[in-house]
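Both of the next two complexes hold chain A, though its partner changes from chain B to chain C.
Then we have the complex of A and B:
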């Protein structure tokens, strides 16, 4: 009896000692060495200041150059001025591919995409618009404008530029593109600090926003599906050549897709939009977690990025004829994208613990 | 069997009833205010069902009525008004809500169902309740000790199994998934400075395991109870801070564990709702003859059902055969991706289907790493294509699943036509073999 009592006392003493100790040891253990901490904020600042914001100002510059080319051509309808307008259109379209992936916050609020790049373009709607009045802000008009709509005006045989309605329509479309771009740029003035200070990895954090917009849905919907899967017929079993990006100029599909992919890649590697110098990147964060977890995810992602790039580079310029003659080539690129999407959705989102869904969860 | 003849004060049980009812009311209110009723149950076109419960479906707009009934009955439980009716109604409606979609499975919802079921039988409204106050129920001070102990046993079982589940090599030796989870909370004030410390995941892992396996012992024991309860508060507050995604669970445990006390403050309820004059000293359970039969079976279920995973071959974390209803909480980091290939048997023509066209983000995320949900969705797709006129569609899945920082691998064999596979209690041979090992429980 006495011995039992003694043991009991000891356990009580021990437990009252140990329990608080355990907390001290995992709660506030002395002045820690901060040297090991990875600076996440720097990553977001680099993406914001060296990738996102410059890509919008470049787009703005290119749109203004297209405006000048339009003015010149309207004043003097020479073949060389037409060629200059076509070239300004292509430059601006390429610079859009650098800006398209930041489809959240100001761009999403402004509806920038709706003014820029909904394709295939609705040619019947455009022809109808040339005959009468239209409101480009109407949802039904979203696929009758933007770069694909302008492309139709520039490259289709059905369009007669001696009809003044054509240049007026071109101007209206371009004006909306410029206005939406300017709104997006000015909104970023205030949004920047919110974004950079949205720390953590929840849905509303900068990392969460990048994953839930740029890194996954943008890649899946606007690259994998729109540029490759849909024209290749991956989802329907029936190729759809008339749905390629760059349908009317015919030779630019690859240049546009490649440009979009390179911009996407820089979003991971943190390479500056302006001069392609390296900066603090999400890939660095992946590497940092690799060191903790004993994984090799950053290398894996880089090699999968290489694979997609090689697959795109291996295609001919004209996706329309590829979709007609050998759609499997487009579906092969789709498959390369898909390998990378799987890696991002599984290993990388686990490693960075970024929230993709938003309800309570305790099972995983 | 002297234990079953012992009586004790009803106050802890009455307090549990009060706290449980209030908590459940606020938990349901929270999901309502978050618009989850609509987003999770009304909006999606497809719902994953628990095996054998495919007849439990959301009721469209009427799902709100289900919420209303559950919330009103939770208030009834809380204040102890029409208690028997309230607790039975609550148990049924809450369980129905829980069964509507397995993709939203949470261990603490299951615990709520279990506790609610137990409370249906216990004399929780004979003290400190509106019923006792108004004379609707015979009021009493005491009841058989086991009726007060039963909820304590249920909490103990939960903790014990949760701790046992942490005794594996990933959790204790690799400190995974905490190594991945903790650094993502770098934005926390003060604690955020620590999240990159290499020792922190180990401290959390070992402390978590020791806490779960032993805390219930210290809660039972009167001399350590108060210290144990302080530990309960600190532990669950930490988990709430670090893992906000677990929702109300930490608060449920902080409040429910108060049932271990038999202290004077619990008598307060008896002052709020004083008993009616014609007072009985002691009371019994509801329908003792039936309770005598049901409750031992119920208790045995609590002990044995969580262990059923031992009957299946393969790694439990990978196959998840016996993973649910076994108190495996915040235990692994699993993420997946899946694409479905629907093939027309006669022509060989096929399409690739993106499941996100049919599911919300949570459903898709949960399905992608749970084999039985992948199978359910494959059958759903097959039936859709069959309705659309495809003859004998075959459905295949290309999947990738990563578990606790390991390279991802397919979880279902891509060459198997899932339309030919039936779900069931047996071992799922169509799940791929996992190319690694986790040692321990």
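Then we have the complex of A and C:
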């Protein structure tokens, strides 16, 4: 699907029509290589090795710790073991926010998101599953699993952990999360060299992939809309408190949203996931182009990133209550995101000559 | 190999387009405009009418997410009976979609069964629209995305009725008529006498009728970002222009063939036919694969509405593969691929990704395609 299978590239039939003519009329430098000397590959290597891959490693570690906590609780159902499992769930959920933004290539091919964080969770489906059979790979089950599904099992009064079907279901959900994470990590072993060598800024380049997945659709769909706009009722005029992330534990919505935002910010600043040291970054490239073009987009983006962060930090922990009592606070964050989306989509993508192709033009 | 990608990417840029070779004896115009005695000799009104009928039929069926559909009305639109169209000129056109469904000499043996196949989808859509439920595994109804901006009427397996009908009829009518009727000797080895009563010769007119199913416009714009009413196939073919250059090749072939007919240069006419028929074949399998890939990606994002819509379009194009001129895909093979995708719980099944991969691989093997083409990573 979205994999970069460059070595397999052989366009039978079409190549005989198109390629020979182009070899004559066109040089090796197509429009995918803007005429500047900025070292984009160094940026991609930094993002890959110091942000993407460590975030998946950490997620894997946290999921395994949740597994241990589950085993311990199943062996001995004490309140403290339950609390430890809840704590392990939260740690893993937070680490997912560091990994969620790399939703392309191996993660997309594996369908990692479908195992992790589709919400609001379908509690009727979960209750039905506890009494019967289920295939967690079916699309109707995607909103009955992942961190939101586990949250329901851990925090809802409707769940009775003395019923062994609950721990079995928890285990099945966790197993799918672990399997998809392992597949993603394993696929990155081969995808890494394709990705860091996909130079230029066109659709298939690493820069193009980052803009057309992480920097824009992820930001818009999974942050601006899912965490703020939908529960705030930004587009419908009707707040939907039951659609917040972290519905059943109630106090974690802000921590999850802030963690996701900080990971997103590091994707621009190139700050290491591991030790938060600075590295070659996309923002450096924006600055580089600013100097060539006489623009100040780098400072503008940093200022807008600050605005979003401040807006999130100003919220209470419990988004469910906010959506009930003062949804405008959520919509204010949405608005701060929206300003930044506009800057990225129009000005920065243009300055960097990145092709924005994710917009659905199907029209029917 | 980034090199190869950029080569493909620039294939659509003017500076790098293949030069159109000029036959010394044949003057090929830059648009599909041909005149004699200061009068246009180009006419394909029947093709414009049938695509307009299809548009009204599709629009009506898409209304099934909000209103109960009327089966008699849909059949009337399919058969052009009882003045069903808002555009009154269509009602009196004497044309219909059904009479040209699977109607080429190659496929007419299957015409009745094919018409019933599409009527069957219409009847199923009507039933689903009468008591619209929220679509679910095993339940026909309306499926929506999270913000309700996309809503589709689907069957109990997730198949969107109107997409199978629309994309299927694109093959069964428009492509079949083009490649298996008008561009065959039976329609081209005919009278080519400019002194007859019409502004055009019979041969010119048949060529134009094929062209009218390729695109609705005589000045085809090859830039997909420029809006133009290109017609059902034209829109998709131009959409593939930047990566595959099919639209420029086919547009040139149609213009050259038409000029050759005027010049009575029948060798030149016959030379370009395979460019057109191959282009239709490539467009059909590229769209089938493209929609399967789009659907698979959307499934992996948990976007059921987007996924089912795309997969249903893929099913329609897979249906249309039986109408390609090369006959590389039999009706039985096309049916088997569709069955692989929609059997059992269909798109709701947990193994749907595996079944998508199976069909993609089979299509790739049938047309000897690279993995990059099959996976859409080209």
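Please note the rule applied: the second predicted complex is superposed on the first by the 320 of 364 C-alpha atoms of A that agree within 3 Å, B and C clash if a C-alpha of one lies under 4 Å from a C-alpha of the other, contacts with A are read in each partner's own complex, and residues count from 1 in each chain.
By definition in this document, a contact is a pair of C-beta atoms (placed from the backbone, for glycine too) under 8 Å apart; a residue touches a chain by one contact, two chains touch by 3 or more.
Just so you know, these numbers come straight off a predicted model, no measurement behind them.
A.B. asks: Given the touch rule stated above, what does A:292 touch, chain B (first), chain C (second), both, or neither?
C.D. replies: Touch status of A:292: first partner only.
A.B. asks: Who does A:230 touch here: chain B (first), chain C (second), both, or neither?
C.D. replies: The answer is second: A:230 touches chain C but not chain B.
A.B. asks: Would you check which partner chain A:193 touches, where first means chain B only, second means chain C only, and both and neither mean what they say?
C.D. replies: A:193 sits against neither chain B nor chain C.
A.B. asks: Is A:349 touching anything from chain B or chain C once the two structures are fitted on A? First, second, both or neither.
C.D. replies: first
A.B. asks: Once the shared chain is lined up, is A:201 touching chain B (first), chain C (second), both, or neither of them?
C.D. replies: first
A.B. asks: Considering only touches as defined above, state whether A:114 meets chain B (first), chain C (second), both or neither.
C.D. replies: The answer is second: A:114 touches chain C but not chain B.
A.B. asks: Could you say whether A:136 touches chain B, chain C, both of them, or neither, answering first, second, both or neither?
C.D. replies: A:136: touches chain C, not chain B.
A.B. asks: If you lay the two complexes on top of each other, which residues of chain A touch chain B in one and chain C in the other?
C.D. replies: In chain A, positions 8, 12, 19, 22-23, 25-26, 28-29, 32, 199-200, 202, 205, 235-236, 360 sit in both the chain B and chain C interfaces.
A.B. asks: Which part of chain A faces chain B closely enough to touch in the complex?
C.D. replies: Residues in contact with chain B: 8, 12, 15-16, 19, 22-23, 25-29, 32, 34, 36-38, 40, 199-202, 205, 220, 234-237, 289, 292-295, 300, 338, 341-343, 345-347, 349-364.
A.B. asks: Hey, which residues of chain B end up touching chain A in the complex?
C.D. replies: Touch residues, chain B against chain A: 36, 40, 104-108, 176-177, 179-181, 183-187, 190-191, 193-194, 196-198, 200, 203-204, 207, 210, 218, 223-224, 227-228, 230-231, 234, 238, 244-249, 323-324, 328-330, 332-337, 339, 349-354, 360-362, 365-366, 368-369, 400-402, 405, 407-408.
A.B. asks: If you look only at chain A, which of its residues touch chain C in the complex?
C.D. replies: Within the complex, chain A touches chain C at residues 1-14, 17-19, 21-23, 25-26, 28-33, 103, 108-114, 118, 135-143, 197-200, 202-205, 225, 230, 235-236, 360.
A.B. asks: Touching residues of chain C toward chain A in the complex: what are they?
C.D. replies: Within the complex, chain C touches chain A at residues 1-11, 13, 15-16, 18-19, 136-137, 146-147, 244-245, 249, 278, 282, 293, 296-297, 299-302, 304, 306-307, 345, 347-353, 368-373, 375-378.
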